[in-house]
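Both of the next two complexes hold chain A, though its partner changes from chain B to chain C.
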Partner chain A sequence: MSRSGELKNRGGNDKLQRRIFIAVMLAWPLLYFAVFGLYLQFETILYSFQRWNYVAGYQEWVGLDNYRLAIKNMIGGSYWRTGMTNTLIFIPVNYVLIALSLFIAVVLNRNFPFARFYRIVYFFPTILSIVILTMVYQFSLHPTNGIVNGVLGHLGLESWQRSWLGERQTALPAVIFYCIWAGIGYYNVMFTGALQRIPSEYFEVGQIEGITFWKEMTSIVIPTIWPTISTFIILGTSGAFLVYLQPLLLTNGGPNHSSTTTSLEMLTSVLGPGDYGTAATYGVIFAVLAAVVTLIVKRLVELVDTAEL
Partner chain B sequence: MELVQGKPAGKRFSIRTWVLQLFFFGYALTLIYPFIWMLINSLKTNPGFYKNVWALPSSWEWSNYVNAWQEAHIGQFFFNSLWMTVIGTITTILSAAMPAYIMAKYKFKGSTSLYNLAIVSLLIPPIGTLAPWYLLMRDLGLFNQWGVMLGYTVGIGFNMIILQSFFRGISWEYAEAAFMDGAGHFRVFFSIMLPLAKPGLIAVGTVTMIAIWNDYLYPFILLQDPKSYTIGVGLAYLVEKQKYASDFTTLFAAMWIALMPVLIVYAFMQEKLINGFTVGGIKG
Partner chain C sequence: MRKSLYAILATVIVLGLILSGCGSKKISGTASDSGGQPASSGSSSPASNEKVTLKLAFFQGGYGDVWFKYLKDQFEAKHPNVTVELEGNPKMGDLIVPRIEGNTNVPDVMFLNGLDQMKKWGPSGKLIDLTDLYTTPMPDGKTIQDTATETALKSQEWLGKRYSVPWSQSPLGIVYNVDIFEKNGWTYPTTWEDMTKLANEMKAKGIAPFTYPGIYAGYLSALVFPAYTQFGGDEFINKLTNPKDSDIPGLYKDEAFLKTFTQLQSIFKNGWIMKGTQALDHTASQMEFLNGKAAMIYNGAWMENEMKKSLPPGFRMRIMPIPPSADAKVKEMMAVADSRDWGGIPSASKHIDVAKQFLLLASTEESNRKFTELTGAPRAFKYSIDGMNLSDFTKSAIEMLSKYKTVSYIYSPEAINTGGATPDSPSGVDFYSAIASGDMTPQQVIDKNVKAAPDKWKEQQKAIAGKK
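Presenting the complex of A and B:
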């Protein structure tokens, strides 16, 4: 009796304490979101209508000038256009990366000899600093002392030797190859995790019926782990718009902007000349473009049904 | 029946298995050999390196490591990275665990919108807001190590989504028992719920720890005083410098020093680490 009375008395106080607790717990995350989420988005839109005048020392409103110039640059032959094309190239590159990783994960999941060793080695780039990875890659492709040209020399293929990251024709392919080389491990581990959650009877039934690798892939693997695959397809699409560290560290976007991306050009225009208006304009254009492309891809992958486990 | 069918299938796959084995091994080799090549060359003298980049060192030059540690300041960068990673991991996990716990266990008006906020913030490319972010950080005087660590404490994001599923799996009865004993909400969170969510915190924590140790963008932009460089920025700076100084052997030694902690952690807790990464995929 007295106990329920006590609880009732505490009721009002409890509610207040509960509210205080929720408020304290959410204070920092909400403040962070308000400043670095909302406020910065809002400022980006404002910046895209402004230009920084360093001679006069103030920023001025220029209406749609930034947008006009940006569109002109993207249609014309400037490096912004190369950046945009390259950024869009990274969308299919990410899909190839996902497909390749899935293939490797499925093979390793089928009692492949040395599967454990491969899994451990392949995962390795995921936990390494991008600085170290790009450095190793750069030295492997070094024109005179690198491993790749060295191996080509031993094989008598001297005519194939080149400065891989320093020539216009090979710089972007070399950056793309890097992204695949260094990216497989992460997706591989993710897909392995998803594959291990498929009940093993599924595979056993298939093996008794003697189905081929491709049949197993299309009728068991892909339908059952489709949620994981589709998530990575969506993330891979939006992730293509975020490729900048790889070209920054490998080629610095060069030679002559041939391996640049839009994000990298935004970064350089902020860090270099302090061209905040231009960077913000491309930021807005690319946020919209990324959102539209990602949403379309999201709709498309959602059309595919997932098998019920 | 099974045996009869099993055998020809095994034979049919054998050539394919060999070809695959070759490819798989080749890829593994491209991931291992360059590191070994650098290890070997980090032990040569500079003239020795230029004479033959393929040979084993004629004398083992451990002095390259001393040089890297002291003269190239890798030692200083190493300790900067170390304390920033320790503090950064704790604050980052805490900032995500707080909203995750509220989301999982406290229902109130608008509590579900936290999830939507997290999804939205995951889909918007953060690089777009770089220009105002740069000026904001400058105006707040955060072009330093504190600014870098501040950037990690996102709270509402990926870590929150993963941690809330761990909190959801913990029975609320523990909390009710503690409330009966007169414990407050904060006590329950810090001394009951956080310890119970330990597996989740460890999974998210290891991934966060490695991400912070390896982070490049924030330190690259925000750290302008060479004394405050992290090991990643310091290494990238050394790479730039070596393009003119051509002291590659010291650079390779520096790279191996940066690599060691991750390698050691990986050697001892492979399973935990890989699990930590997969946990994120489960919910994805």
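Presenting the complex of A and C:
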């Protein structure tokens, strides 16, 4: 009997095994999603209608009270409003980051001397822990011993020296600069991967026709890797609402909460006074806001057509 | 085929929901169980030969872990069947929250800083009621009730019960660089006017008078808390910590607030704070102080131990109280001496009786002396320090506690409690940061607080009424 005949005979058994296999493979991710995805979101929504009663020691239902206070705070001006403004600033910051990474990836994709070395240099920050990275960054911006102020001093630019992370005017820009510096490596690798899938004939034709760098960017690179770019634009938009670790480690949100973000305020209100109700309320509000913004951006991104390879 | 796949999906989702539901039920069940029996005698009795591992989680801050290592050795020598497992972390205060509230990986006994968590977990049944432990004789025959300081006894009480035992007495004051002072012929001032003169003189000489851990504005309590009593007197403090309905919102208009905030503002406005301070954390700012970049730092008695590895050889420093201003009601030098850290036993502890024994051992005179010897900081107990080999800095800290008036504010449940490092702010404005950064003037902070106080007060009273 041939091998295929043997397999055919066990067809019924195979089908069952196949189903068991699929079920087992799906069970874990689905369970994970059910607990950490659905259940936790559900709890958060419940929490937003409750408040911790400090004296009695339990959560009590307060109806829409948390939402009323939250909206009052956001309109009347508070740390939450600063946080919201800063969070929204991180959306264009992420776009700049994507544009810069793409630019660098394209430049490094051309075979010039040391291109590989530079690719490693740009990628290097990505493999280090954020705690170490922020410490290095903090040291370099240290008001008295930092290399940045030191270099400025040597150049005779004493008036430019400042306490970069401790002044209202520079704290948030310094955090933003950190995010760009530390983020380029990751995006760079992704874009390099995408660029390498573009057939080299495209570039050769371009070279024969003598097109400029910008023309090459707009007619070859961007249209062909648009799926990758658009994915990152969408992720960058929703990711802006999750930024908290960078300001937490660099400035602790200061000075006077000027470099805070909504996620950081949520974190501090849970860890400090244990105010789950307020944190959950803002969480729900900003989740809705983030969903709307991301959806709009997604629609806009989809308007652009991808070139067929 | 497809149908059965959907059936499997549905089963898994339902299963997931049921399982997660079970999890939360178990948590609330445990909480109410232990809440119902305040004087829980513990679930396990330490049979003499039963092997027990006591998990101890502690905040590894300025006091390090040396004292806990000592306690571990002592306790294991006394109880040969017990192994104490130490888990210290500088971020334990944050890390422990999900563990206690989610009932996962709960330690058997813990030492934490900040009373907010004790006040939250105590009434909700997450902590064992330790009221009886205060009158239980310790290995040396004394009781915690008799030996703890008055501040500690008052601080570690919440709603008529005790869920914690005192840990350290944390004195906050002004630490100054003895060498800089001696070289310039300066002495530590006894009035705020002299301090003003001194600070201006320092500034003129190009020495920064002050620094502090700028990104943790709470360290400014070293100045603010003594100023409350100096400018307001006992009457104001009484109103602040135990307000009546008629005190709201007038309390927040009290001139003691304006004077305190103005004094706080002055150290920034006069340019006495070292440039760049606002960007520094505790380690970085303390390092600047040790390097002689600033003559004084707002800090606590744990600083020497915290910086032990970086102390320049022969570096001399002392800690002193805040000098009073000429228009103060109480013209005395004052320092903060809080008892805001604590040891406690989670209700989910597996070895409650052993943990109680551990807390008792940790509170004996012997352990208190060892704590001071190892960390250079005082504990919130009355004990003798005779014959101990202490650094000059530690001696100055103990002198500050014994020679000068100390303040520690313990708020009644009725008082407006905004939690965190700035409890006196009904508007939720972090006034330390707001004034330090120059974003708000003292008057603006006061106006905001006065406006927000009535609503906040009503909210707080409603919460208490819910209890009764």
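Note that the second predicted complex is superposed on the first by the 280 of 309 C-alpha atoms of A that agree within 3 Å, B and C clash if a C-alpha of one lies under 4 Å from a C-alpha of the other, contacts with A are read in each partner's own complex, and residues count from 1 in each chain.
Quick note on the criterion: a contact is a pair of C-beta atoms (placed from the backbone, for glycine too) under 8 Å apart; a residue touches a chain by one contact, two chains touch by 3 or more.
The model shown is predicted, which means the values in this text are computed figures rather than measured ones.
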| item | value |
| --- | --- |
| Which of chain B and chain C A:26 touches, first, second, both or neither | both |
| First, second, both or neither for A:163, with chain B first and chain C second | second |
| Chain B versus chain C as contact partner of A:280, first or second or both or neither | first |
| First (chain B), second (chain C), both or neither touched by A:78 | second |
| Partner chain(s) touched by A:223 [first = chain B, second = chain C, both, neither] | neither |
| First (chain B), second (chain C), both or neither touched by A:141 | second |
| Partner chain in contact with A:271 - chain B first, chain C second, else both or neither | both |
| Superposed model, chain A: greater residue contact from chain B or chain C | B |
| Contact residues common to both interfaces of chain A (with chain B and with chain C) | 22, 26, 30, 33, 35, 43, 138, 270-271 |
| Complex contact set, residues of chain B against chain A | 2, 5, 9, 17, 20-21, 24-25, 27-28, 30-35, 37-38, 49-50, 53-54, 95-96, 98-99, 101-102, 106, 108, 114, 117, 121, 123-136, 153-156, 160, 184-186, 189, 210, 213-214, 216-217, 221, 231-233, 235-236, 239, 248, 255, 258-259, 262, 265-266, 270, 273-274, 277-278, 280-282, 284 |
| Parts of chain A lying in touch with chain B, wherever the complex brings them together | 17-18, 21-22, 24-26, 28-30, 32-33, 35-37, 40-41, 43-44, 47, 104, 107, 112-114, 117-132, 135-140, 145, 147, 150, 181, 184, 186, 189-190, 192-194, 197, 208, 210, 227-228, 231-232, 235, 238, 241-242, 244-245, 249, 263, 266-267, 270-271, 276-277, 279-280, 283-284, 286-287, 290-291, 294 |
| Touching residues (chain side chain A, partner chain C) in the complex | 19, 22-23, 26-27, 30-31, 33-35, 38-39, 43, 52-58, 60, 78-79, 138, 141-144, 162-168, 171, 251-252, 254-258, 270-275 |
| For the chain C and chain A complex, residues of the former touching the latter | 1, 4-5, 8-9, 12-13, 15-17, 19-20, 24, 35, 93-94, 97, 116-117, 119-120, 122-125, 159, 214-217, 275-281, 284, 288, 293, 413, 417-420, 428, 430, 433-434, 436-437, 439, 463-464, 466-467 |
